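Inspection log for the structure reproduced underneath, given as structure tokens.
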Amino acid sequence: MEKFQESETLRMETFSDGVFAIDITLLTFQLKAPSLKDATSSHTLALALLHQWPNYIAYFISFTTIFIIWLNHHRMYNVIRYSDVRFMFYNGVLLLLVSIVPFTTSLLAEYINTPAHQLSSVIYMLLFASICGTLFRMWTYATHNYRLLKRPAAGVRVQTVRTSLIISTVTYTAVAGLSFLLPFLSILIGLIMVVYLSQLKYHREKVV
Amino acid sequence: MEKFQESETLRMETFSDGVFAIDITLLTFQLKAPSLKDATSSHTLALALLHQWPNYIAYFISFTTIFIIWLNHHRMYNVIRYSDVRFMFYNGVLLLLVSIVPFTTSLLAEYINTPAHQLSSVIYMLLFASICGTLFRMWTYATHNYRLLKRPAAGVRVQTVRTSLIISTVTYTAVAGLSFLLPFLSILIGLIMVVYLSQLKYHREKVV
Amino acid sequence: MEKFQESETLRMETFSDGVFAIDITLLTFQLKAPSLKDATSSHTLALALLHQWPNYIAYFISFTTIFIIWLNHHRMYNVIRYSDVRFMFYNGVLLLLVSIVPFTTSLLAEYINTPAHQLSSVIYMLLFASICGTLFRMWTYATHNYRLLKRPAAGVRVQTVRTSLIISTVTYTAVAGLSFLLPFLSILIGLIMVVYLSQLKYHREKVV
Amino acid sequence: MEKFQESETLRMETFSDGVFAIDITLLTFQLKAPSLKDATSSHTLALALLHQWPNYIAYFISFTTIFIIWLNHHRMYNVIRYSDVRFMFYNGVLLLLVSIVPFTTSLLAEYINTPAHQLSSVIYMLLFASICGTLFRMWTYATHNYRLLKRPAAGVRVQTVRTSLIISTVTYTAVAGLSFLLPFLSILIGLIMVVYLSQLKYHREKVV
């Protein structure tokens, strides 16, 4: 029966991986060839491409953030053996939220250099806050009394990960607030968060 | 030879998972940044975003329903060992129907607050009825004389699942009829069905 | 080393499965909610939806055909153990051709009820002919002196599959020619081919 | 613990495969049915289709190049056992770059027969140069002191692959420069590179 359970986790993991991979690739739609009607030169094309800078920034942050979220999801599943209905539900919420990232990304790209930049970056950052919050919820649930962990769970860094995910959630929320005043600073902090989240380790002995 | 068969089931499962994962992610196209030509403020953007509420509702129901259909598909395959041409055919029909969900979703989103809401929600609900009907057909076929089941099949809840899938099919069909009169009630029942279907257990001992 | 080889085949298979799954799902873009500007009723929506019938037909044929091509690809790989550069090249060609199906499908859907229906269905059918031809080439190459087959290969139906794939290629080509005169008959034959190809068995003992 | 590591590599590999498969299939959006408003004949449709030739060329080169990059990525992972944060980072960069290919492809297709062809093909080729450069960086990192290699690593062709990846990077960069003068020659060389890269062997004994 134990093997049954493990294969359960595996398929949820594979399905989630698929959704992550598709979402990260769908971001590509953010990048579109500018359609210049007039006869153009390389110069006018270059200008048109440069004019799209908000798309590149939005693409870059979203791509790296989804990648890092995937990495954390993947590391979390590495120390988890069992799964139950509730954990599956949380995982479903996570996938739902991650699937909204392409939407908030296009929102950010479209409005970052308009007067509406505040709302678009608030929404953008709040989504990342929710994603981190969901990861935190998953982790708390899975590690409570070592409920869903692989044994021996001695090496699992339960508390460190807990704290880091709280910090991430709080930071993203704060950054969302900051967006009202300093949208570009908030984007910069978003990038720093990617580096921070990329270094979260779930198991003492795992190098990745 | 038995191992052969099992790997057959595995690849069908993986392929189906891929289609499910892509369909659930394609729903994202439902969510589009509103394109405001005039110089905008966060306020006008907020209004434009709120104006898109049918898209969010449609996105949410479709996402959760596909997720729950996937969950059921996955649980069904968990107790199935063999596969034959006919079962593969049914599975193909299921994938065909699931792949239409993004279409009926955009139909619902586009027309839910127009006079054409009736037809769009009827089609939307009838598709879910057909999907449940196909799951029911798959289950009946697979469990008839324990045809395709893993042995020991004693723990498989043949009859309960049968009944639940009939109930689901009938409910979705009834909801489709109800859409003519009360489209929003029908959407609410659609959400309740997600909860109902998420709790269907195919094996006595499986927790997920 | 043998295991090495097998894992090679596995990854090629998985990658191909991914491409198949995505292509079959991308067909969904064929189905679009009609955009009616005027205030509409369920009646006008119904008319607009019925007006899109070429899209439904094209979607249906393409979906079932890709599914059946995948099935054949999958059955072929079931009896193949080794892979080499040349076989990988043929597989690449197959994926390239399958990836064009969404394009020819939209071509067929857009022009089937215009005077340009001839060209669109010729291209549509010729692509399926090329796909069957590629499958035939893969099979001939893999089975020549049992080059890439799993041993014991006694049960592999080398000759039957060969013949069937020739028949399929020839039929699709003939159907392409027929499209000039009777486009709808050619579509009907396309559907019959799906049934024919779904029953191709690559191994004597395999039921699927 | 060693098995842990291996499974790490496996999931990274699978995730990358997913991204590759989706990117290669998203290229399909390059191919669009021409929308002719007037009543059309097969003749006008043929002309409209021929008029789209830059799309077909761009599609073909991008498809084959991504396929060959995937093949190299796959062969590289075949001789790699361990993974660490840094290698994962490089892999993330690779996926980011590969995901941009659909964008540069549409850029090339849209502008290859306009005066802006120079810039579009420079960008197109520079991206391939960066991808090869990243593969080179991954290889150098993985093979330094046999850091991440499977043992026995004796059969791994460390130096040959190194050299070939340098040659590829340099050639693509040179081709990017050449694009200013002879855009079509640069495309031709791009195709030759596909053949060249398809024959890169990472392990002495591997046939694929």
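The first chain written gets the first letter, and so on, giving A, B, C and D; residue counts start at 1 in each chain.
Definition applied: a contact is a pair of C-beta atoms (placed from the backbone, for glycine too) under 8 Å apart; a residue touches a chain by one contact, two chains touch by 3 or more.
No experiment lies behind these values; they were computed from the predicted model shown.
Enquirer: At the chain C/chain D interface, shared numbers over all numbers used: above half (same) or below half (different)?
Expert: Interface between chain C and chain D is built from largely different residues.
Enquirer: With chain centres defined as mean CA positions, report which chain is farthest from chain D.
Expert: So the farthest one, by centre of C-alpha atoms, is B.
Enquirer: Per the centroid of Cα atoms for each chain, what is the distance between chain B and chain D, given in Å?
Expert: Chain centres of chain B and chain D, defined by C-alpha means, are spaced 36 Å apart.
Enquirer: Which whole number of Å gives the spacing of the CA centres of chain A and chain D?
Expert: About 25 Å separates the centre of chain A from that of chain D.
Enquirer: Residues of chain C touching 2+ other chains?
Expert: 14, 18, 22
Enquirer: So which chains actually touch one another? I want all the pairs, not just one.
Expert: Every touching chain pair, ordered by label, is A-B, A-D, B-C, C-D.
Enquirer: Which part of chain A faces chain D closely enough to touch in the complex?
Expert: Residue positions touching the partner: 13-14, 17-18, 20-22, 24-25, 27-28, 31-33, 35-36, 39-42, 44-46, 49, 60, 63-64, 67, 70-71, 74, 78, 198-199, 205-208.
Enquirer: So in the complex, which bits of chain B are touching chain C?
Expert: The contact residues of chain B facing chain C are 1, 4-5, 7-8, 11-12, 14-15, 18-19, 22-23, 26, 82-85, 88-89, 92, 95-96, 99-100, 102-103, 106-107, 109-111, 114-120.
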